[in-house]
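Both complexes shown next keep chain A, but they swap its partner, so chain B is in the first and chain C is in the second.
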Partner chain A sequence: MRVVILLAFLLPILALAQVSLGAVHIPMRSVIAALIQPEGDFLATIVRQQRLPRVGVAIFVGACLGVSGLILQKVMQNVLVSPSTLGINAGATLAVVLSVFFLGLDGRSLFLPGLLGGIAAMALTLMAARLIAGQGDRRLDVVLAGSMVGILCSSASTFVMTLDSDAFGTMIGWLVGDIGNFDHLMLPMVALPAGAALAGAFLFSRHLDVMVTGDDQAALLGVDVRRVQALAVGIAVVLAVSAVVVVGPIGFLGLVVPHLVKLALGETGRATLLAAMLAGPCILMLADIAARVAVAPRVLPVGIVMGLAGGVLFLGMVLSMTRRGRA
Partner chain B sequence: MIVRTGAISFTVSGRFLLMFPALTLLVLALAWVALGAGLTETSAAERLAALRGEGMLAELRLPRILVALLGGAMTAASGMILQIVSRNGLADPGLLGLSQGSVVAILLGGVVFGLGPQALVWAGLAGALAVSLLVLGLGRGMMAGGGIVMVGLAVNIVLGAVTEIVMTSGDAARFARLAVWSRGTLSGVSNGDVALIAVWAAGCLPVLALLGRSLGPLALGHDTARAVGIDTRWLLPVLVMLAACLSAPVVAVCGPVSFLGLIAGYVARRLVGDAPQEVLATGMLLGAGVLLLADTAGRALLPPFVIPAGLMTSFAGVLVFLLAIAAERRLNR
Partner chain C sequence: MDPLRLDGACFGYGSHRVLHDVSFSVQAGEFLAIVGPNGCGKSTTLRLLAGLERPDAGRVLVMGREAASYSRRAFARHVALLTQGVGVPPALVARDMVAMGRHARQGFLNRRSREDDAAIDRALEEMEVADLAHRRMGELSGGQVQRMRMAMVLAQGGDVLLLDEPTTFLDLRHQYGLLRRARRAAREGRAVVAVLHDFTQASLYADRILLMHEGRVAGHGTPGGVLTETAIHRVFGVRTRGVQMGGAVFHIPAEP
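Right after this comes the complex of A and B.
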């Protein structure tokens, strides 16, 4: 519980830092003034129009991806899975790009195609994993299958994007995962399903916890394993897609957060869920601050910074896992 | 079957003697079709003229076909060398990260330092070598199965992020151009590119032919190879370097074409069995044919859109990858 309280304190501090730091440094006093007074100067406009929406999006996306990753890792009993390594992110991205290009959809109507894409990619990954399953490490099989689906989807979306580079000029930031460049009309629209999915995660937390003991054990304890698995995957996909639709595919947040949370709190319990919900935004904000400060005044898309950091971590995990498997 | 011609005698399998000429004919026929495929109709006389180097076709379609054939064969050879070195049928310059290493080095060289096309190949070579040392070093001892492929994929992710940083630093039009290149395409190919690739092919392929005899023992295991008197201490590094030299120029010209080595190696083993030299020769033909087919189909399927060849090989490659790994697992079970 102490960890949760710590994170709860860390979150507003990071949020203030995220508002204050950037290409234009805004002193804390001006930040607070801008928050309190309705009318303000140039700095206040930056705070209200630019930085605050960023904080809001970071909190929303971080919470979604963190919880989504935690649930997936719990129910699949696999520390390498996450929305990005299973191909869910890439599938949702492809569906969004396709529906923008061929159906001319925009803004609010993109959630449904994204969801369909995410579900399709997940199903494809599971099918492919079953096809290649054999005597090797099952956990690697799923990730291998997910990477293949991810490669397919992302190269297909790049191709569609390049058919008309004018129309997609504005979408480039989205495609690489940028939380500064988003349609804020999307947020209330996806907040509903995402909120429902989060509530579901807390509601069924007990059932998910039992799954940690393994499929057979859970069945012995009277859990309908298939139904809980389907439910959990459903919640995870909805959360991941809500995040993707708003800011584009941000990889590895869903992989990193559960690991940190598990180190501090173990796998089970609602406190873990809450910690994932808080840790996700914290890490995303840290990455975003790094992305804006590292090469200021240029702003790197935060998805790239996450990809860089997460990729290194993923490499380390694969190495340690295969080494252990061999010993 | 043993072939004896004067002082030289060597063994050849019957399937290889059947398959190799058949595939050669198939690839030539494909090249003939590819020369005619496209929006404008072309007569047989025009195509013949193009082969003599006359007319529009010689300017536009011929270089593309030549690059597809040469580049496909070189990428496939690079993949199959890596398969022998890592003793894993799933190895491929794209999957192990060599191509992505070249991409990062070439992008940095071209966009940041403004190097010319000749220098870019060397930059790409350095990138490919660095990544191959990294991946093979990290993956030492877990070559079999998906282990080393996972390491390669993880390295790919890190390098991909670096690529995106460079690509998003410009405007939208440049992003679109670089994005197409970074997935593998033959659409920007000119006669200069043919010369560039041909020089590297002329340099690498004789070395490969010289080393061919030692590949057989190597495929049986590094210890076995040492036991029959092959010095693996220098042979393995030379082979890795050769794999990098074969893939880097292709990446510089048409971007990373993933999965080609994987497809070629898998299909070739199905066709001619396990003798490495025969697999290598058949696989290179297959690689040339598959890349040409991918490019031609990409041009002809949905005109006026051109589907990049890299995308087509990725689609085919993912399927072959799943089949190959499933087959390998079933064999081990």
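Right after this comes the complex of A and C.
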């Protein structure tokens, strides 16, 4: 629990840093003044209209992707799976892009197509994993299948966008994951399904915990494995898609967060879910600060920073797993 | 009513038939040891008894009911299986794993009861791993992991205890300790079935022996009656000299 309390302290500190740092540096006293006083100067306008929504969306997206990754890793007993490595993010992205291009849907009606895309991509990944299953590590088969599905969906999304780049306007940044450029009206649309999914994760946490012992062992302990797997994957997909439709596909956050949570707290307990809910936003805020400070005054989409950092970590994890497998 | 009954069970993986018409039953308070060469279907028999596989033909009855007719939760309240050493998540805290033994006895939203905590503590004490309970599974030795897994199965309770090569990774002291605990479970009224490789241990702790050969029952009865020189030569293809002493059957190679 100490880890959860530490993260709960860290979150507001990082939130203040995220508001203060950026292309325009805003001193902390101006940040606090902007939070307290209804009217203010130019800096207060930046705080209220640009930086604070960025903080809010980082908290929402970080919590969704962190918990989604943790649930997937528990229920699939695989430290390499996450919404991005299973192709869920890319599937939801493609569905959103197709809905905008062919159906002319706007931001407020993109959750359902995104959800269908995420579910279809997950199903495709699981089917492909069965087809390519060899004698080696099955956990790598799933991730390989997820990567193939992810690459296919991402390429298709880019292709559709290049057909008529004007039609997508600012969505080009969304394609790589950008928390600085989102439709504020989308948050209430996804808050309900994401909230319900988070509540479900906490309700079923004990069943999810038993799944970490493996499918057979969980069945022996009294878990209806198929039902819990379906439910858990459903919750994870809803959470990932809720994040994707708002800010685009942010890779590797759902991979990194469970890894850190397990290091700090172990595999089980509701505290792991709470920690993932807090660690996700903290890491995303750090990445966002880096995205805005690294090449200031220019601002990188946060998805690029997460992709670079997470990609290196992912490679390290695969190498460590294959070395252990050979040993 | 026998807690466990296998009636003409046949089973195969794809076209490879593993079990042929296997029948036996285990009474409450009885310890049955299954022995036989590698690949003769011992572990598959346990998987059938544990409801992890369904027979292609024949029936598996648990407490008089078809195993497949139970929900997994109800089944887990009757039957516990210690599987062969499989990987456990290294970051899992040992006590949390043992506590999972109580999963089927907790309501959907219920937290652990006092009774659950008492069962967990008792199981940890019995397996002499209480002092390791706060450690992560990845920090434990193979023998300690095996004892922790046995503690989880003991915490689960139920009418039937199934053990698949339970003494793997254990030193001699803990091998005897685990088998003594299994025999005590039988004396307390549970039906106990263990796959064992050591004839001496099987004959010393089990009431009856089921000898398996190529997916069939090759012998079933008292240790002295089943573990004969002739039966061992027929099933294992080795000539031995058998000696009975203090209720145990010893076999030494006739040609070392």
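Criterion: the second predicted complex is superposed on the first by the 327 of 327 C-alpha atoms of A that agree within 3 Å, B and C clash if a C-alpha of one lies under 4 Å from a C-alpha of the other, contacts with A are read in each partner's own complex, and residues count from 1 in each chain.
The criterion applied here is as follows: contacts are C-beta pairs under 8 Å (C-beta built on N, C-alpha and C of every residue); 3 or more make two chains touch, one makes a residue touch a chain.
These numbers come from a predicted model, not from an experiment.
Asks: If we overlay the two complexes on their shared chain A, which of chain B and chain C does A:R206 touch? Say first, second, both or neither.
Replies: So A:R206 only meets chain C here.
Asks: Residues of chain A touched: more by chain B or chain C?
Replies: Here the partner covering more residues of chain A is B.
Asks: Is A:G222 contacted by the first partner chain B, the second partner chain C, both or neither?
Replies: The second partner, chain C, only.
Asks: Touch test for A:P301: chain B only (first), chain C only (second), both, or neither?
Replies: Once the two structures are laid over each other on A, A:P301 reaches chain B alone.
Asks: Tell me the contact category for A:M148 with respect to chain B and chain C: first, second, both or neither.
Replies: first
Asks: Output check: A:D288 vs chain B and chain C. Expected answer is one of first, second, both, neither. What do you get?
Replies: After superposing on A, A:D288 lies clear of both chain B and chain C.
Asks: Return first, second, both or neither, reflecting whether A:G214 touches chain B, chain C, both chains, or no partner chain.
Replies: Second partner only, chain C.
Asks: Please name which positions on chain A make contact with chain B in the complex.
Replies: 128, 131-137, 140-141, 143-145, 147-149, 151-152, 155-156, 158-159, 161-163, 165-166, 168-169, 172-173, 176, 251, 298, 300-301, 304-305, 307-308, 310-312, 314-315, 318-319, 322-323, 326
Asks: Spell out the residues on chain A that touch chain C in their complex, using ranges where they run on.
Replies: Touch list, chain A to chain C: 77, 203, 206, 209-210, 212-214, 216-217, 219-225, 262-263, 266-269.
Asks: Contact residues on chain B for chain A in the complex?
Replies: 138, 141-142, 145-147, 149-151, 153-155, 157-158, 160-162, 164-165, 168-169, 171-173, 175-176, 179-180, 182-183, 258, 305, 307-308, 310-311, 314-315, 318, 321-322, 325-326, 328-330, 332-333
Asks: Flag every residue of chain C that touches chain A in the complex, lowest number first.
Replies: Result: residues 50-52, 71-73, 75-77, 79-81, 83, 86-89, 91-93, 96-97, 100-101, 103-104, 106, 109, 136, 156 of chain C touch chain A.
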